[in-house]
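Next up, some structures in structure tokens.
The two complexes that follow have chain A in common; it is paired with chain B in the first and with chain C in the second.
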Partner chain A sequence: MTRLARTSVWPGVALAGGVLVACLLVSLAFGPASLSLGEVWHFVTTGPVHGDLPNAIFWQIRLPRVLVACLVGAELAVAGVILQDLFLNPLTDPYVTGVSSGAALGATIGIVLHLSNLPWMAVLALIGGFLTLGVVWMAARRRGRIDIFVLLLAGVTISYLASALVTVLMIRANQDMYAIVYWLMGSFSGRGWPDVEIALVAVPFMIAPLFFAKEMDILLQGEKRALELGVEVERTKRVLLVTAGVLTAIAVSVSGIIGFVGLVVPHIVRLLVGPAHRSLLPVSLLLGASMMGIADLLSRTVIAPNEIPVGVVTTFVGAPLFVYLLRRGRKG
Partner chain B sequence: MSTTRTRRGLAAVITLTALILAVAGALPLAGCGSSSSSGGEASPAASASSGPITVTDGAGTTFTMDQPATRIVSLAPANTEIAYAIGAGDKMVAGTSYDDYPAAAKSLPKIGDFSTPNVEKIASFQPDLVLAAGGIQDKLRSKLEKLGMKVYVVDPKSYDGVMTDITNLGQLTGSTAQAQQVADAMQKAKDDVQSKVAALSRPATFLEIYGKPLMTAGAGTFINDMIGIAGGDNIGATAGSGFPNFSTEVLFKDDPAVYIADSGSMSKPGDITKRAGFDVLTAVKEGHVYVIDDNLIARPGPRLAAGLLELVKMIHPEAASTP
Partner chain C sequence: MALVTLRDVDFAYDERPALRRISFDLQEGDFVGIVGPNGSGKSTLIDLIDGLQHPGVGEVLIGGVPTRKIRRRQMAREVALVPQHFTLDFDLSVREVVEMGAYCRGKDADACADAELTLARLGARELAGRRFTELSGGEKQLVVLAQALMQKAKLLLLDEPASALDVSHQLRLFDLLKELNSEGLSVLCILHDLNLAIHYFDKLLVLSEGEVAAYGPPDEVLRPEIVEAVYGVRAYLHKHAGRTYLTFSPRLRPERRGRVHVVCGGGTGAGLMRELVDAGYDVSAGVLNALDTDEETGRELGLSMAVEAPFSPVGDEADAENRELMRAADIVMVTAVPVSHGNARNIEAVLETVAAGTPVWAVRGVLDGDFTGVTAELEPTGVALFADEAGMLAALRERASVPTT
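Right, the complex of A and B next:
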């Protein structure tokens, strides 16, 4: 703990920032429409030009898509860190709180009611996400305290319930089945500037947990110990849970459900920089964004003009990396 | 208890015996009828029982029916359309929840929907012929055949393939002549369209099956075939077979001159010209963005002829107006 506290945060954050910049550049430079690097540079310097087709490929198609992917990656990674450490459970990912299933249910209702255009889908997904968070919250509240284990169980249960409702809707509104299935699979295909705007709403919620880094460190030792050390445990839990819920709901509302990033990025980062949150949070944010950016780059280029579902790519890229780091971490 | 059961058993035996007697008695009577009376009843009987019918279906399976089907269950709206178009509507005993054309099909008993047909429910109608679709219904075939039904899979890969299915179903249902008329009308639509567009250039055409994520009609689909017949160059054919998803970036790079979006129960494309960045596409700039009723191009049935005429109006408006 003391060793970690003395180590400076900045080298790790700067390195992760460098990785993200590199990932952004690569993601923007390459795509199925094979613009040359010179062209891309030209578009960057000239800005969006109305009516020019290659320029529109870069400014209207590629750039917003890359930004949405990176933002969603960052949101899921930060939510993953918060929830894993709050639940003290390494298998936790942003989807266990029921928020994502609730958001999926909201979006499914949107599809069935044929409101599948922005901002309706996002609004309904957010409402669904928040409602489930509310229900889970009520279930876990005992005499002004949030029981973390009840919260986890209630979250998983509500998750199943929401998924069952999605399935029922899918069968009842059979003609919308494709739309629902594709939405649930998660994708950044066709995402544009309106989606970027929604994903950007999450930025304050990505930064907020940084102010609770010390409290989160202490909470790792258990709620009782944290109380003894003077941490306002209930308030911290409330803020963090709502933050993670908002991040998950926003991410799901623009991209659908994309697995693995929120589970594995926090673990990878813990292996790299340790468990102290003032490093863990910002580095997870940056590497989550990088990983999703690269995953989406692969998803749209490898079998172009077709696309691989991005959730498949995150798993293919993340799983070997994670296993390698786990083995390396053991040896060290 | 035991006496009631015995009594019921006895009743069943008596009923069964009575039935057998009645059927056995009816047979010589029918034989008598055909020999004594002339014309009327005999001629349909003769055309109907002209020996076993052998066909090969869309899954490549060849099978034989001893006589034309009399009880048909359809597992896809397109199959129902074909059955009614060829005059076998009166032999339909059940269809799917999505059968909406022709109007008469709506009142048919339902076996469930297209993707989750219920085997028990199908069997309860005691059909002698089941008209299935390819893909998700493949697994059904062996189950239905074990129950003694003949299964014809309608899974055409081209416009001509639909005509073949129609004439085959004509044979299986004993309405060869009317089926041939339907196929001839489809052939005529195709010939007309082809002669109109023969000398014209082939504009790059994109057909949107679904908007988010973007999906198109790839090679080996009857929609791809129809775009070709209507004188277009289908961009989707570069993306593989079936109904593949398609990169938006590549769509922009290929820059279609004609953009056609499928619209109906499966997809609601909205205003395509207002999508982000779409204003730079040639199709949008020159006003060649169209929405087509998916019933006319996505259902492999007789209405594809109308779909083909719609497609040529979109791809070659200049040729479509000339007689």
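Right, the complex of A and C next:
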């Protein structure tokens, strides 16, 4: 198949940027109360106005929700790229490090303790995520090196442990069961500006990997070859693993556990622009945001006023698209 | 200052020692091959020089600086390595893969233009636009070499670069390395083919069980006795068309099976002598003229021989020596050697040996090449005649399998 942006980064990034802008506009326009693109433009330019209901819907409900969805999508996609390429394992998604399960445990504790009002839930989820990352990290350290294979195994093990604890808590706190299950499924329902603020903290962590694009390319040949070619492998791994962990923890803390985006977006983008990270990272970021934006739009509109869990939508949208691209890619 | 210095280096993987008391220098412009059996520590040695492993005892110095103190990027500017195995399952173009080699050079290098030039240098410019995953093994090897050359390091380490290549690509690769070396690149290359090692390298480092068995010019270090000690095989040195070749046979010290004396000449006995030696027999031959093909083969095989001057008839001294060798033999074999007045004494000696009770076997062809009539006596005196050498060897195997009393 022909590829976009084989030699230059910019055509691919510009195209993905255009897709994201389109997705943003569509997501902002549609909803229980649909707006025309002109109205969207009008609200954006006038800013929030008190006492105007459509304006309030746009500024207080729809815009923050769309922004959180897009930010989470971008975070998961970038974390997915980093982890798949560090583990050299195509089945890796941002949740294998155990960070998400730790975050889920933190959030569950918050629900059980009735700290469900923000920002406590998010803070507890972040604490849970970072603690898990720390434990997994310690387990994988050997003589000052991070053993990627051990890290993967420790991450999966800790994931199971945290999930078991969540289950115990669910059984103990049966009146909160619904809230816990709903949180675990992941949703952007009711997300507001405080969530946007938390999700925005991740922006520097989305940008940072771009400075390691060359190192990440070289690491595709394995750690030993990367050392031979002059990469400070351990330092690079440390930076990238922490970055992926922070991105995952932040994403999970505001949205719960939404599957498929972190797994599939990197693969789709590899098929489109190739595995070189100077294109793969920015395009994944933009398309991850677009995909999550659209998934959230569908989750809140298809059976409105009810919502389909957004994780279900990401899978329904992503799976056929991925299979189609895989088949096309094979024909080459 | 030496480019690379190893001083009393010991290295172990956990508890398993891999290298012991390694000391040697590599000068700028050196073209050195590393040979040694599997598991003798060759790859470990290369990893130590590239600072991928650090010695437990002793020091590895690059330009006088211990490898421990050199950062990876700086190291990649000093030393480039072509690994034995290279895996890249991602769909990158050859150009992208080659450009990765310039990583250690930072932003100053105009990597894009260089990648094509480097590939062109290796005669592989047309690969630049291809996808790496679609290349053949030999093409991948060239691309990885190009990647390593992009580092523009002073020293190139190669770990069995020829193992995936056919013979023409092997020769092309070593010619290329030689050329790069003449332009100032120092080369240290692991290889298994001792004949390629002899022909291409200025110096060879022979490793054996983690220690340096020999270090020096090829004809000094690849002497049969060293090869035998290091590899545990029998090695023979041949000179052909001004070049030296080694050949090998698997058994170094087989059980003694008995002594065979071969009467031959003119190349009729070379194959038989080698087969007998490989089968574990103590072999002698004679009388042969010096510089005769059979005499040269016998010398390579290290046989005891009765030898006469070139192109001279068998004299008294050689004849006496020959009869002594025959007496010591358990069996005497006669090849289809042409018999003339010059070597008729050999057949006379054979006839006497039969009379003395030693079994004598002969290839029937010897009767046809007789210009003297002396072989007519062979069959009547009890010499067993065989259609060819193979029949004779088969009979010998059969005889050996039956216990003699």
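We take it that the second predicted complex is superposed on the first by the 321 of 332 C-alpha atoms of A that agree within 3 Å, B and C clash if a C-alpha of one lies under 4 Å from a C-alpha of the other, contacts with A are read in each partner's own complex, and residues count from 1 in each chain.
Note that in this section contacts are C-beta pairs under 8 Å (C-beta built on N, C-alpha and C of every residue); 3 or more make two chains touch, one makes a residue touch a chain.
Note that this is a predicted model, so its numbers are computed, not measured.
After alignment on the shared chain A, the placement of chain B and chain C results in a side-by-side fit free of clashes. In the superposed pair of complexes, A:189 makes contact with chain B only, with no contact to chain C.
In the superposition on chain A, no contact is made by A:66 with either chain B or chain C.
Within the superposed three-chain model, A:214 lies in touch with chain C and out of touch with chain B [touch as defined at top]. More chain A residues lie in contact with B than with the other chain of the pair chain B and chain C.
Once the two complexes are overlaid on the shared chain, A:114 sits against chain B while remaining clear of chain C.
When the shared chain is aligned, chain B comes close enough to touch A:53, but chain C does not.
In the overlay built on the shared chain, the residue A:178 is in contact with chain B alone; chain C does not reach it.
In the superposition on chain A, A:304 makes contact with chain B only, not with chain C.
Look at A:222: by the touch rule set out above, it reaches chain C but stays clear of chain B.
Put simply, if you stand at the Cα centre of chain A and look at the Cα centres of chain B and chain C, the angle between them is 130 degrees to the nearest 10. After superposing both complexes on chain A, the closest C-alpha pair between chain B and chain C lies 42 Å apart. Against chain A, the residues of chain B that register as touching in their complex are 97-98, 113-116, 210-214, 238-240, 244-253, 255, 265-268, 270, 275-277, 279-281. Chain A contributes residues 6, 88, 214-215, 217-218, 220-222, 224-225, 227-233, 270, 274-276 to its touches with chain C in the complex.
Against chain B, in their complex, chain A makes its touches with residues 31-34, 50-53, 55-57, 59-62, 64, 114, 116-117, 171, 174-175, 177-179, 182, 187, 189-190, 192-194, 300, 304-307. Contact residues on chain C toward chain A in their complex (touch as defined above): 50, 52, 71-77, 80-81, 83, 86-93, 96, 100-101, 103-104, 147, 151.
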